[in-house]
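Each of the two complexes below includes chain A, the first together with chain B, the second together with chain C.
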Partner chain A sequence: MAFTRHTRTVLALTAPAYLWLTATVLLPLAAMFYFSFLTASPLGGKEVRFTLQHYADFFTKEIYWYNAWRSVELGLYVTAICLIVGYPAALGLAKYVKGRWREAIFLLIILPFWSNALVRTFSWTMVLREPFNILFSYPAIVIGLVHAYLPYAILTCYISLQAIDDSLIEAGRSLGATPAQTFRRITLPLSLPGVLAAIFLIFVPVIGSFMEPRILGGKDAIMLGPIIEGQFITAFNWPLGAALSFTMLGMVLLVLLVVMPFLNRQMARA
Partner chain B sequence: MSRVDIQHVSKRYGAFAALDDVTIAFNDGEFFGLLGPSGSGKTTLLRSIAGFIAPDQGSILFDGEPVESVPVHRRAIGMVFQSYALFPHLTIEENIGFGLDVRSVPREDIRKRVAEMLSLVRLSGLAARYPKQLSGGQQQRVALARALITRPKVLLLDEPLGALDRRLRQEMQVELKDIQRESGVTAIFVTHDQEEALTLSDRIAIIDQGKLIQVDAPQTVYERPANIFAANFLGDANVFRGTPAKSGLKLADGTVIATLKPSTGAAIVRPEKLRVASGRKKSAGNSLTGEITQAIYSGASVTYRIHTKVLGDMPLLAFIQNQTGEVLDTGAAVTVSWDKEQTIPVEA
Partner chain C sequence: MSHFALSRRSALALMAGAATFGLTGRIAHAAGEIKVLNWQGYGTDEKWALEMFEKKTGIKVVHDYFNSEQEMLTKLRTSPGTYDVVLMNNIYVMEAAHEGLVQALDTSKFSNFNDLTPALRDSDRFVMDGKHFAISWVWGLTSFAYNTKKIAVRPDSMEALWDPAHAGKVGWRDDALESIQIAALATGQDMNAPADIEKIKDKLKALKTQIKTFWSSEDEWNKYMAAGDYDIAVYWSGSAARSKKAMKLPVEFVVPKEGAIGWFDGLTIAAKAPNPEGAAAFINFMVDPEFYVKWDNDIGAPASANAKANAQLPADALNRTVLGDPEVVKRVQWMAPISDEQKQKNQELWDEVKTSFAR
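Showing the complex of A and B:
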């Protein structure tokens, strides 16, 4: 095969990353996908057969689809709160704070990333027990997850907000728009790409989250993430755990497919 | 009464005076150019009129009413930005109609007015496009239409043609002037381009280091500059320094140059007012002898740099109309002469 010089360069630059991803992500995922159609994990040494039962279970057994909905609901709450709290912070940083102060405040936002997630979550248990006394409750899960994902909301919104030329905002004002009108008609629509990025970065991991619900949630922790985790860790029913995971992934992809045309239209304009 | 009045306006940033006691009256319907080097304060002045900057001192009046406490969106201005600042997520029609839309003008009226503006700037048929689908010159005209549709009291333009290439810029100069005359709007524009200022302006203000140097018609600023800075900034100038003498200016070597009016210590002559003749012979009026150090032939004219004893390191600059097709050689001994009437006394 005769590759052009350009093709060879592209191959040489991208091959390591793709080989690595194939080996470490796609292969194990393919194995899991295969497992999800088996009666039991083939690693257990038992005889295994092909089955669609695990997928059927998701839709027929209330415990799964009900808890899947609980996970989605949690995802909606956490994403919404992250945006309501994070967007104004990003707006302030991008448009009102200048120079060295901006860097200092940024550091404060990124700081949580530098500590271990498990340690962070456990440290929350102490604060939520005393003085707030809401440990092992639904609000505790939401607080823990918002804490973990708020930086994503701030950073993605900040990036799209600071990319908006100040002269666009000034143009709006010069044309007679009040500050509120300028925000609604210009700043907000132009920052939507960042908001959407935040939604994807937060909503998808949150509906699959299990650590925060398990540590902070008590009896309210029962939702799809911890159930899947339980299938792998406690019940050792990998096929069911895998089937539940792929069903969830399927639903997320479906949502994406539905909203994609709308997103594309927004992006094409901006 | 003037449309916009700037009275003793000052603005400091720390120790830096962006505007230093500036007073200008902008007349109704005039096209006014603010000309100065970068950092001179011309943009600060424009943005103060718009309301984006609050002056430390002085007052700004629109039609006699102070506007210091009026926010930008209620000043009834139109502004054209150097980058055009078209809203990328709105169509051309929505961009132009924006100012009416935020004032809750009925949709039908907006559509009609947008169509009028589109035909004024000759862009009919592009209403449904998005800004990035337009060329630079077309975007420029959209920005202009968008700023004019609200019938502003004053149109402010920040380096309006700065982002265009040279040929398009010259075309747009003519067009901008036509549109301004047709709409009758009072327009104030900022530029560092002297040719643009001369071509477009009814009056020019020269600004340097936050101070107003001169406000006059373009021809007056060029022919009768107030000081050496104004003479050098608008066009080229040969500058003579010396001491006041009875009939003009006495140079360091004792030569006396006759000036139009009694001089205070400096005088200028524009390079195109000079005559250059071969050989060394004093002639009537002002004349100096020297030697050509550089001759640049550019078709319609020839530019000479001429060394004279009295000016030393500063060569005389002469632009000579190419009437004979001959160019004097470098090194040739010449006599440079010019009229007393073209020797303009200026402040040093």
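Showing the complex of A and C:
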């Protein structure tokens, strides 16, 4: 064999992960992608034909693209609020809190992760009902989702913030920059990778969310996520549900392709 | 730690022992076990009933649940050989029989078979080529129930759901077919073949200011009613009886003058059921007056398909007074099966209506 010792090591280390991903992620996704071009679900025991109708439906029927926009809008709100709340918290943790306090605060941030998402959402129904009286409304969905995804924002921002060498900031200050200037010219650009990671980790799952909207949103719950869920669970139209999901995925990838060069330039400058 | 540390050999021996035990234990168990697929809290999972049944037959009953009929069909399609008894609304039985999801039944195995109301028992929704694919179990109505503490005068019309006096206090089920059928009844149409779909759509859109939130299970309905979210809500007759009796909620079920949606449910045996004998015994127990009368008295149930069972209910039971009233039964429109194309159209119409709610 022509494999060098190095190649073999790399293969041995990465093969389990790739095999696992292929079996558990790529194969089911590929099956769904195939379903999305069929006239009916092959599991239904009916004859199926190839069609592009489901993809056409997304663009021609208002209920789908309008609700896709509603999902994107929700994603923007939730991501923005997570960053507005999470970034300062991460900054404080990385630069101003030390030792045991930091550990304690981290524990508090990660705590929501340890409880089941459904349990968390149902506990919100109690809080939002009584003192606040905003259960079954759009703000209730945003609150529930921000709570679920805020830890991602804090953790990713924290990691890139605490990697910034304090002497850089000190150097800036000693050269006469105000705290606002050092933040804008040094801290913020250097922490950008963390911010970006947070945006991807939050925005993508939020636009596909369906459980939180349904439980907290009442009449405002309709988005693309719940519509896709309805196609799978109540209408048994897996092909349409799959096509709607892949169209959404395609659009997110497209946005990334357009934005990526710009972001890369920003990061290279930093 | 070291006190509890095991040698590698004894740990392996223990694990092997546990594995063998688990395996044989499981096989012995499976012979006397059936798996039931049903809505949660819908009769078959009453604890006292399962104890009663296990005492009689030695068969243990375990449950799995679904939240929609489509989910039930999906589970049957994707997990053959898992379930024994499956609860099925009449409109899905023929679809399931054609797909080979449920098996033809030997009616001689059900000692209560002859006591079942013939109109339900031998309905063409259950029988194909002279063979029964489901045993008629219970029937009931879908219309609405109201909170007697919030609404003083008993509403007698479907229009109560659209009454501005109950704005923001109406409960609705997030279900395309049920929504369309209620709107069809409210607009005086044949709910199985409505002539004016636009009228139905407009009627549903007018619910925007009325609906508080959607419910998807009986449990949710009870919670929202108890919390005061609903004053009046679309509901099922059997569930209403249960909410009143078991949950002690101040609710009354109404069969309005426009009519109500009629449904009847059957119990089926899955095509590849691991324990068909046990399944038949359980179904026979479910239609027996001994189980049914206690179920309706203590918990609240839909009307039984077993005429003898209904006759044993107390004189004030909803299932004797209201559902037993021929005048009420005359107003009922019975749900018919629908095609996949129609299902998709319904889903789109309902998604459009819900989108209009969120604008």
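Here is the rule we use: the second predicted complex is superposed on the first by the 266 of 270 C-alpha atoms of A that agree within 3 Å, B and C clash if a C-alpha of one lies under 4 Å from a C-alpha of the other, contacts with A are read in each partner's own complex, and residues count from 1 in each chain.
Just so it is clear, a residue touches a chain if its C-beta (ideal position, glycine included) is under 8 Å from a C-beta of that chain, and two chains touch if they have at least 3 such contacts.
What you see is a predicted model, and the numbers here were worked out from it, not measured in a lab.
Trainee: With the two complexes superposed on chain A, say which partner A:Lys219 touches: chain B (first), chain C (second), both, or neither.
Mentor: In the superposition, A:Lys219 contacts chain C only.
Trainee: Go through the superposed model and pick first if A:Trp101 touches only chain B, second if only chain C, both, or neither.
Mentor: neither
Trainee: Is A:Phe59 in contact with chain B, with chain C, with both, or with neither (first, second, both, neither)?
Mentor: In the superposition, A:Phe59 contacts neither chain B nor chain C.
Trainee: Contacts for A:Asn67 in the overlay, against chain B (first) and chain C (second): which applies, first, second, both or neither?
Mentor: So A:Asn67 only meets chain C here.
Trainee: Which one hits more chain A residues, chain B or chain C?
Mentor: It is C that touches the greater number of chain A residues.
Trainee: Does chain B (first) or chain C (second) touch A:Tyr34, or do both, or does neither?
Mentor: neither
Trainee: A:Arg185 contacts which: chain B (first), chain C (second), both, neither?
Mentor: The first partner, chain B, only.
Trainee: Now for A:Arg129: first (chain B), second (chain C), both, or neither, which partner does it touch?
Mentor: In the superposed model, A:Arg129 contacts chain C only, not chain B.
Trainee: Per the contact definition in the header, classify A:Ile233: touching chain B only (first), chain C only (second), both, or neither.
Mentor: So A:Ile233 only meets chain C here.
Trainee: List the residues on chain C that touch chain A in their complex, please.
Mentor: 67-68, 70-71, 73-74, 77-78, 99-100, 174-176, 208, 211-214, 216, 227, 229, 340, 343-344, 347-348, 351-352, 354-355, 357-358
Trainee: Note which residues of chain B are touching chain A in the complex, please.
Mentor: Chain B residues touching chain A: 50, 52, 71-74, 76-79, 81, 83, 85-89, 98-99, 102-103, 130, 146-147, 150, 156.
Trainee: Help me check something: in the complex, which residues belonging to chain A touch chain B?
Mentor: On the chain A side, the touching residues are 165, 167-168, 170-179, 181-182, 185-186, 189-190, 269-270.
Trainee: Show me the residue ranges of chain A that touch chain C in the complex, using the header's touch definition.
Mentor: 40, 43-46, 61-63, 66-67, 70, 129, 135-136, 138, 214, 218-222, 227, 230-231, 233-237, 240
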